[in-house]
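Both complexes below contain chain A, partnered by chain B and then by chain C.
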Partner chain A sequence: MTAAKGGKNGSTKNGEPVETWDLRLYTAGQTPKSMAAIRNLKRICEEHLPGRYHIEVIDLMANPRLAKDDQIVAIPTLVRKLPDPLRKIVGDLSDESRTLVGLQLRRHQEEERQ
Partner chain B sequence: MERAPTSRFKPTELAKTASGISGLDEITHGGLPRGRPTLICGTAGCGKTLFGMEFLIRGATEFGEPGVFMAFEETADELAQNVRSLGFDLEKLMAEKKIAVDYVHIERSEIEETGEFDLEGLFLRLGMAIDEVGAKRVVLDTIENLFGGFSNALILRSELRRLFRWLKERGVTAIITAERGEGTLTRNGIEEYVSDCVILLDHRVSEQVSTRRLRIVKYRGTTHGTNEYPFLIDENGISVLPLTSLGLNHAASKERISSGVPALDEMLGGEGYYRGSSILLSGTAGTGKTSLAAHFANATCARGERCLYLAFEESPQQLARNMRSIGVDLEPWMKQGLLRVDASRPSLHGLEMHLVRVHKQVAEFKPDVVIIDPISNLVTAGTQVDTEAMLLRLIDFLKSSGITALFTNLTSGGNAWEKTDVGVSSIIDTWILLRDIELGGERNRGLYVLKSRGMKHSNQIREFLITARGIDLLPVYVGPEGVLTGSMRAAQEARESAARVEQEHAAERRQRELAARRAALEAQIKALQAEFAAAEQEASASAEQEAARERALDEQRAEAAVRRGGPTLAAKAGKTTAKGKAK
Partner chain C sequence: MSVHQAEELEREITALRERLQEAEDVRRAITQGEVDAFVVGPGEQDQKVLLLAGAYSRYRQLIDEMEHGTVTVSTRGEILFANRRFSRIVGAALGELYHTALADYVHAEDRAALAALLTSPNAGDEGVVVRLARPGGTQVRARVSVASTWESYSTLVFIDLSEEDAAAEARETIEAIRRGEVDAFVMGEAVVTLNNARDPYQVLADRIQQGAFTLSPRGRIVYANARLVRLLGVPAERLLGAPIESYVLPDDRAALAAMLAGQNGRKNASGAQAEVRVQRASGEPAQVLLSAAALADGQSLWLVTDLSEARRHQASDERTRKFLGMLAHEFRNMLNGMRLSAELLKREPDAAERAKALDSLERQMQRMLEVVEDLRTINPRD
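And then the complex of A and B:
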């Protein structure tokens, strides 16, 4: 898997494979919280994962079955599907540092700085 | 609605949804508040989940009300497995779209909170499940798990408040379960939001015997039983036992039924026990309590009625064998299905379980007579107070069902005779005491009727004999030497019969003597008569001789006169002759 990803996604400067972040944001209608979450998520991704993220916004109002299938309770919920392991981040992502911890982006950032 | 459980109540009263849990609807006077949430709280393992599950399953199967189970602790598979042992087929109900189960998995370690959120996902899932089956009932088990998953309690609380309001708006009757906290009903204070009905479940162990109890802490807008009600979980789900019946309003039958021992019937006003009454046989070990109970069972079955025999000391086979030895054959009745012997050690279950077993057996078997042998053993399954309460409930229950109940009670040595260890004597209608009478190096059995309500009963103490042909009662010998039983009585009776024979002999002897005397006297009379006759004969013989002599003298005189020749003398001589002839 990692090899396939590496081939698809190119490499960093030191030759390590670069992953594409597969993110899914669950919302329920056009609520202020949902809108804020989408805004915050886009900003964070642009800042920390430029060019290597993919966001899918799912409106559970339109498709409530997914809430059951994907075990969603709180809205909005951001799910990091890739890279493994699966992470869930609840809330409107207004707390950026916690979002980064939740996404485990802090570690990646530090690695890149080195 | 297939059944209308609320129809019995006044329309102005709060609408209720029958839970279908046996006994609960009785103490809540109809069930849980319809269209409102009810909080079930209790410690771990007290039966909250099962309570909710049974509420849904009964609703789906008995009342035509589909339900949604939102599980925060167990998956649908686990739930199905757990309730299968209680006789519920959850998978079938799920396939039939009568029950929807949604397992909500919340894993704290996977979740990061980054600001404002709500629980709309939960609402959506619940709404979807409700719509899917057209649910009228909802169970949230255990919603408090949310507090473990999310750290922002403020948001959770407002969301829960919104959830309960939303449930009310949807018009579903909901059960919310919660774990009991220290000093509070629930760990997270959910009772603040669910204020219509709160039921507390409790699981206590005292003296190694566990008892589950249920109490309705609060039920807004309606009356309800306020006691702690024991309940239990068995292969048919939950049964709540109302502590005592509603009142003393059971019918009193005038019909009498035989005790199985004619002589005892005789003592009980000549007709036996009242049907539907409760009878207590008490006595020390080996006084024949079981034998007397078996006679009653035998008589019941012989009338074609059903008898439930709860044996706490003997197995059915042992009972049958022992009773056969005294001429009571119970086996045919067992085979015919008229007699059911349910043998178990009293310590096998807690008291409630025993009570429920009786309830169930009564419901299944529909007996006319229930025999419990002995009730004193039940004390080993609980405390004295609990046993008394349990027996009171049991007697009440049997009475209100019109079932004649016979209990035996083992009086322990040294205790007062006229006292039961389990303190039920005051609620017993007929109390028969069996006791041993020790006299002359023997131990014999005595029986008397201590009390028997509503009938003229004998005040006698009878000797109680167990023979190969059954029980017999003999009038006790009461003589100048006091009450005698057993061989002393036999000896006394032998003495009496010897005296009687002696008397008879004496009379005969007297008769014979009299006859002999009469014979003697008659002989004497005859002898006297003979003497008299002899004397008479003699007398007449001497008279003739005299006459003959006179005649001879006359002749001699006449001859002399002739020889002298005087006529006067001849005339004189004629006269004398005439005189002699007349003689």
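And then the complex of A and C:
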């Protein structure tokens, strides 16, 4: 599921390279919370990171061993792979403000503006 | 002061400078751990060599047993000493650390903060948080502060924040569970979902042979069963959150819109149906029959019957029916012939006629055996 144009970190804004957010969402098939997390993440990304995010959905029902990569305990869990540092947000992302704080999205946007 | 006295004074000053430099060299060697014994005593006969190994070991042991990483660096940022904890944090052997640049172990974006800390060690008592690079591309966050500065050397203390991060993550997980935002857990190599994690109709919908999806009141897909995923050839995560109309061909969207409008105004679970074409990922559209039923909370459950497949099955059934009819006709003819031959054998007194009837019966039986043999090798799809 990709919204970024030009690949990882390949987007530009006024000629300046724009950082692409690499997000990984761990789900458990189509449980209500997993589905809600997918919907909420898509909405938040479209609103706050249009055209510069990449979402990878990993269904742990299909392959539970992949949980080891990011030491996942509870599902759904969102992992921000890029930008550094890695951050995790546990839950269905229904609280947008908490999600934005967890992703440090506003802080990054302010830093980019500076 | 005479010229001679001035020259004598100059020599003494030079000698004192040399001794001071020597003392400075000795101090530097001691602080850098380059010497571990001293010669002491008033005269050549009374001189003794004192080994500092014991005291040095105790000092090193104390530093090494600290639960935090400790590094002594020069003003140029060269590592002169590091304890075992620091070597474990950065995942490098102690021997590899000495005389390397501390900055090499710090994330590029955090090096400026570290340099600022070394320049103004008293600027912030709490130090700064930096990311330390570990082998394999992983990182660990650490809070670094200056424990002491002595002339051109600084001793830094690194507090590994990964345990603090793990504790924060555990707290966040517990909070998410309390808020009811989690409905599955990873247990070893298995995923366990909570008992109430799935609505009963979803469990049922996953087992039926038709495609099924649930729509939000705004017409977006909030659930899709495995059969629909296979029918459209689109991963479930892409279907979720997407408007259903994006998968219906433009010419058929009016029929869908009419169904949606009817569904939104519907309060009970009575159904509505429409035939539309849906777009598959392969590019080939599929003719489907949509049936909708209202659920609670303004959602609706939709069933998708693949008419292309149903029609293929129907055509196949028709071919099978025709084939069986033809087969029954053939068998009936052959059996009728055999019955006539048997009647003739029973009643005919003439031996020559009986031989003819017997010959005919054998030919019909042989023909029947050949047909049966053909049936054994026939492909059901032929």
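In this text, the second predicted complex is superposed on the first by the 91 of 114 C-alpha atoms of A that agree within 3 Å, B and C clash if a C-alpha of one lies under 4 Å from a C-alpha of the other, contacts with A are read in each partner's own complex, and residues count from 1 in each chain.
Just so we're on the same page, contacts are C-beta pairs under 8 Å (C-beta built on N, C-alpha and C of every residue); 3 or more make two chains touch, one makes a residue touch a chain.
This structure is a prediction, so every number in the text was calculated from the model and none was measured.
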Fill in: Fit or clash - chain C, chain B, common chain A
clash
Discussion item. Just checking: does A:Q30 make contact with chain B only, chain C only, both, or neither of them? Give me first, second, both or neither.
Written reply: second
Item to complete: Scan A:I38 for contacts with chain B and chain C and give back first, second, both or neither.
Response: second
Practice prompt. Would you check which partner chain A:K88 touches, where first means chain B only, second means chain C only, and both and neither mean what they say?
Written response: both
Worksheet item: Thinking of the overlay built on chain A, is A:I75 touched by chain B (first), by chain C (second), by both, or by neither?
Response: both
Practice prompt. Pick out the stretch of chain C that clashes with chain B after the overlay, from 3-11, 21-29, 183-191 or 327-335.
Written response: 183-191
Response to the item:
Intersected contact list for chain A, partners chain B and chain C 28, 31, 33, 60-61, 64-65, 67, 72-76, 86, 88-95
Practice prompt. Please give the residue numbers of chain C that touch chain A in the complex, ascending.
Written response: 107, 109, 131, 139, 141, 169, 172-173, 176-177, 179, 181-186, 189-191, 193, 197-199, 202, 220, 222-224, 235-238, 240-241
Practice prompt. Please name which positions on chain B make contact with chain A in the complex.
Written response: 102, 104-106, 110-122, 124-125, 127-129, 146, 149-150
Worksheet item: Which part of chain A faces chain B closely enough to touch in the complex?
Response: 26, 28, 31, 33, 36, 60-61, 64-65, 67-68, 71-77, 86-95, 98-99, 101-102
Discussion item. Help me check something: in the complex, which residues belonging to chain A touch chain C?
Written reply: 1, 27-35, 38-39, 42-43, 57, 59-61, 64-65, 67, 72-76, 84-86, 88-95
